[in-house]
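Got some structures for you, see below.
Here chain A shows up in two complexes: once beside chain B, once beside chain C.
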Partner chain A sequence: MSLLEVRGLRLDLPAPSGAIRVLRGVDLSIEPGGSLAVVGESGAGKSMLALTLLGLQPEGADVRGSIRLLGRECVGIGDRAMRRMRGGGIAMVFQEPQGALNPVMTIGRQVAEGPRRRGLGRGAARALAGEALARVGLDPARYPLDLYPHQLSGGQRQRVMIALCLAMRPKLLVADEPTTALDATVQAGVLALLRDLAEGEGMGLLLVTHDLAVAAAMTERVAVLYAGHIVETGPTAAVFARLAHPYTRALAAARPGLDGGGGVPIGGRMPSPRNVPPGCPFAPRCPRADDRCRAEMPPLAAGADGHAVACFHPHGRGT
Partner chain B sequence: MTGPLLRIEGLTKRYRPPSPLPFLNGPPRTVLDAASFTLAPGEALGIVGGSGSGKSTLALCGVGLLRPDAGRVVFAGRDVTGERAPPGMQMVFQDPKASLDPRRRIAAIVGEPLRPAKGEREGLVAEALGEVGLDPAVGGRLPHELSGGQRQRVAIARALVARPRLVWLDEPVSALDVSVQAQVLALLWSLRERHGLAYILISHDLAVVARTTERLVVMEGGRIVEAGTTAEVLARPCHPYTQTLLDAVLPFDPKAAKARLERFRRDRPRGA
Partner chain C sequence: MNTTPALVLRRLIGLATTLLLAAFVVFAVLSVLPGDPAAVMLGVGARPDTLAALRAEMGLDRPVAVRFVSWTGGLFVGDFGVSHTYGVPVLDLVLERAAVSLPLALLAAGGAVFVGVPLGALAASQRGGVLDTVLMALAQVGIAVPSFWLAIMLSLVFAVGLDWLPAGGFPGWEAGVWPGLRALFLPALALALPQGAVLARVARSAVLEALHQDYVLTARMKGLSKGAALWRHALPNALIPVATVLGLQLAFLLTGAIVVENVFYLPGVGRLLFQAIAQRDLITVQGIVVLVVTAVVCINFVVDLTYLWLDPRLRTRGA
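Here is the complex of A and B:
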């Protein structure tokens, strides 16, 4: 049984000027202990996808399709049932630990809060919090449980956020740009920690990032999201070796390299989800687009190695 | 003009750690320790370092938003130490959301550095917006109506409108997506080529400065620990901290990236 199985997921947000179509038929799956990176620019719908998986989509959003977590359907099950799923089943690390942590509550109490709500006694929850904080490198001997978030650095706050999830022993950890707000050297430490935990606890990892290199380092599989569609997905090594979709390739070329290469801007802008043109959403920016691309959306066609591309004119190996 | 455009001489800044009881103040902490460098007209300099390395303090002292405890800032042959944004010098901050007044229209924001009497104000604002690749019609909008990348372009347009000779940019792209980062960095480089603009680009990410600067200064703990041409420093780093920053840039190849992460997992410092 898959840990997470998402099929045909659609998300519309109501707006006075007509629905905003944020997710437009997303399929993805993660095996137990597996890892997947969802890569894309801001506005592609990555964060909204992460929130929807946890049932935290904005109020009034219209969610259709299927999200099966540990074999149980999560779409349309209501707040109470979803709350039970969160924590033990699925937990999320947000981009900005400052915003996600309570500034007037000690880190020990915040980490213990989840287990307490599950009915664990105060002493046991506190012990569990100490353990979780030690697991993320904040040994209570050096970082007492009664510290407040402002007494910690940005990287340490992100570790508290991870400990908070960890204390609930989730089967799947969703991390939305967990290192974007951090320094390059601190980023490496937090990524290493997430990898350690995923392997050590047998936890599945869904990582949302705009940085292809973070995906390269962290996950076995990758899915590239563009304007609410997955345009390319497959084993990370295969996707990076080919960069078959013109968008994936443009994203790779935009990234500055140490050798002074890269840094090539992608011309144009992602279409607004309020006003989506027919056909492939990347066509207006794509050097390979023709009339067919502008008229019909290419299906996500899978090859033998599980590498799938939604493009009528994909790049081959080395082209 | 011969000689450097900017000379930073022994800039030092100390802060007293805050304490609930004023007489219990600890010894002052030196966050910027005798930093010195020069910048030629039209040159692009990168300053890299982690948080707490003193790079932002250096920029704030450089543009006069902070008064240094020691040292001098000499700009175009004139001592401008402690003078707020002296003529010909501008600054762009990390978070355009915080540095643009949310209640003012874009045209008013961009025109800010211009003197009120300046007649051709409208034309200059439109030109500056065009230069950063924005439609001058954007001038009538409010900051929240723009995307993050567009807002950062507005901040750059504001810095450029008065035709400065030097712009300090403190982490101008770290809040932006990779693709928008590339746009903003390419824009900076082309402005330098077209107008001979000198800039100082501050970042924690070596990959960001690799392409867009000619010389590099590496800072750690308030000190400049390494300086040289960007190519030299990247190819042959001398200071261990520079090597740490280099290692933090993940390679693009999945195999190499995973091997790098393995190394971090083996010998990373705990709790950092």
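Here is the complex of A and C:
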């Protein structure tokens, strides 16, 4: 049984000018203890995908398709049933540790709250919170449980957020751009911590990032999200051995390298989810696009190595 | 790390300065106002030599500066002078009346907080719903209706019409706590309703603001219900703006009480002030104003301490 199995996931947000189509048929899966990176630029629907997996999409959003978490269907089960999945089943680290922690509650209480909700006594929950904080590098001897979030740095706050999830022993941890709001010097530390904890706990990890390099270093599988579609996915090694989708290539080229190379911007803009053109959403920006691309959405076709691409003219097959 | 002692010291210095300033202003204003207290006491047909004798007895023949210094000097040792009309020390007079006014203000403030804030939070939780619309419409009416009109209406309906509660007067606390509270109920309600309406609106918007913060999402990610996330996480943060408004309201409550005490014939400080002005009992007026200013400064101080309690970020600022 897969830990997470998402099939044909669609999400429309209601708007006065007609529904905004954020996710348009997303398929992905994570095996128990496995890891997946969802890569894409802002507006691709990454964060909304992460929230939808927890059932925390904005009120009034129309979710269709299937999300099976630990074998249980989560779409359309209502908030009361979904609440039981959150925390112990699936937990999430948010992008901004600044806003994700309650400024008027001590870190100890915030970390202990999840276990408390699961019926653990006050003392036991507090002890568990101390353990979780120690595991993320915030030893209660130096960082007492009664500190408030503002007394910590950005990186330390993100560690608190991770401890908060860890204390609930989730089977799947979703991390939405967990280092984007942090200083470059602490990003690597937080990422390494996430990876080590996921491996050590046998926790599944779904990492949302805009950075292909982070995905390459962190997870077993990657999925590239563009305008609500998965355009390329597969085992990390296979995908990076041959970036096949023109968008993935462009994304890789856009990343500035230390040697002064890279940094090639992708021309044009992602199509607005309010106004979706027919065909491949990347076609208007794609140098390889032809009339077929503009008329018809290419299906996600997998090769023998599990590397799947949604493109009529992928790179690397003799071209 | 803790800045509370510094704050207390700053406040005490501020209190002394404010009081001195208030004493000066009230004294100056009452000195230039027409209306000789001695002339008022003796009536229009008084003989000039009698008038002069009374003025000398009351100390009114001394230069203004001398009177100011002697009065202000007395304030600091608790000597507020002797009322011209009652012939008893002003401080005793005010303290006796405060036994009515203070419970009235506390009842009104308590009622406004314990009804207004939860209703505001409730409205926020049902934003756009029927309950929200009804509550906010009521709040709008509550804000628009002046206390004195409300006092008259409440008195007409519940005292004159239904005869549930006394229409006015005060039996004194000697008669027992219950009769006293009964006499204060309608006036407190008249004061509390407009204040509670303002608090409900402030609480609603503050809770709505807080509900948009990521920490509410974090709380729900832990498995808390929407309601629990609101009460445990959004509301404590929303109380900070509520405390600001409440602090301002408490000062208004003291002045609003003057009108309401007169409608209900309550022997409170407000009614004493009203009568003292009518009878040109200047020393009593001065004393009441100084004491009310003291009360307002003390309330502001308590509000500041409340901030420290509500918002841990303020406790360590600059540390």
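Note that the second predicted complex is superposed on the first by the 316 of 319 C-alpha atoms of A that agree within 3 Å, B and C clash if a C-alpha of one lies under 4 Å from a C-alpha of the other, contacts with A are read in each partner's own complex, and residues count from 1 in each chain.
Just so it is clear, a contact is a pair of C-beta atoms (placed from the backbone, for glycine too) under 8 Å apart; a residue touches a chain by one contact, two chains touch by 3 or more.
Treat the numbers as computed from the prediction; the structure is a model and nothing was measured.
Student: Name the contact category of A:54: first (chain B only), second (chain C only), both, or neither.
Tutor: second
Student: Between chain B (first) and chain C (second), which, if any, makes contact with A:104: first, second, both or neither?
Tutor: second
Student: Is chain A touched at more residues by chain B or by chain C?
Tutor: B
Student: Just to be sure I read the superposition right, which of the two partners does A:211 touch: chain B = first, chain C = second, or both, or neither?
Tutor: first
Student: After superposition on the shared chain, which partner residues are touched by A:195: those of chain B (first), chain C (second), both, or neither?
Tutor: Touch partner of A:195: chain B, not chain C.
Student: With both complexes overlaid on chain A, does A:84 touch chain B (first), chain C (second), both or neither?
Tutor: Only chain C is touched by A:84; chain B is not.
Student: Does chain B (first) or chain C (second) touch A:150, or do both, or does neither?
Tutor: In the superposition, A:150 contacts chain C only.
Student: Check the residue A:113 against both partner chains and state whether it touches chain B (first), chain C (second), both, or neither.
Tutor: After superposing on A, A:113 lies in contact with chain C but is clear of chain B.
Student: With both complexes superposed on chain A, which partner does A:185 reach: first (chain B), second (chain C), both or neither?
Tutor: first
Student: Which chain A residues lie in the overlap of the chain B contact set and the chain C contact set?
Tutor: none
Student: Contact residues on chain A for chain C in the complex?
Tutor: Per the stated touch rule, the residues are 51, 54, 56, 79-80, 83-84, 86-88, 91-92, 94, 96, 99-106, 110, 113-114, 117-118, 148, 150-151, 161, 164, 168.
Student: In their shared complex, at which residues does chain B touch chain A?
Tutor: 50-51, 147-148, 177-183, 185-186, 204-208, 210-212, 231, 234, 244-255, 257-258, 260-261, 264-265, 268-272
Student: Under the definition above, what is the set of chain A residues touching chain B in their complex?
Tutor: Residues in contact with chain B: 41-43, 137-139, 142-143, 153-156, 159, 183-189, 191-192, 195-196, 210-214, 216-218, 236-237, 240, 250-252, 254-266, 269.
Student: If we count contacts the way the header does, which residues on chain C are in touch with chain A in the complex?
Tutor: Its residues touching chain A are 213-215, 217-226, 232-233, 236-237, 310-313, 316.
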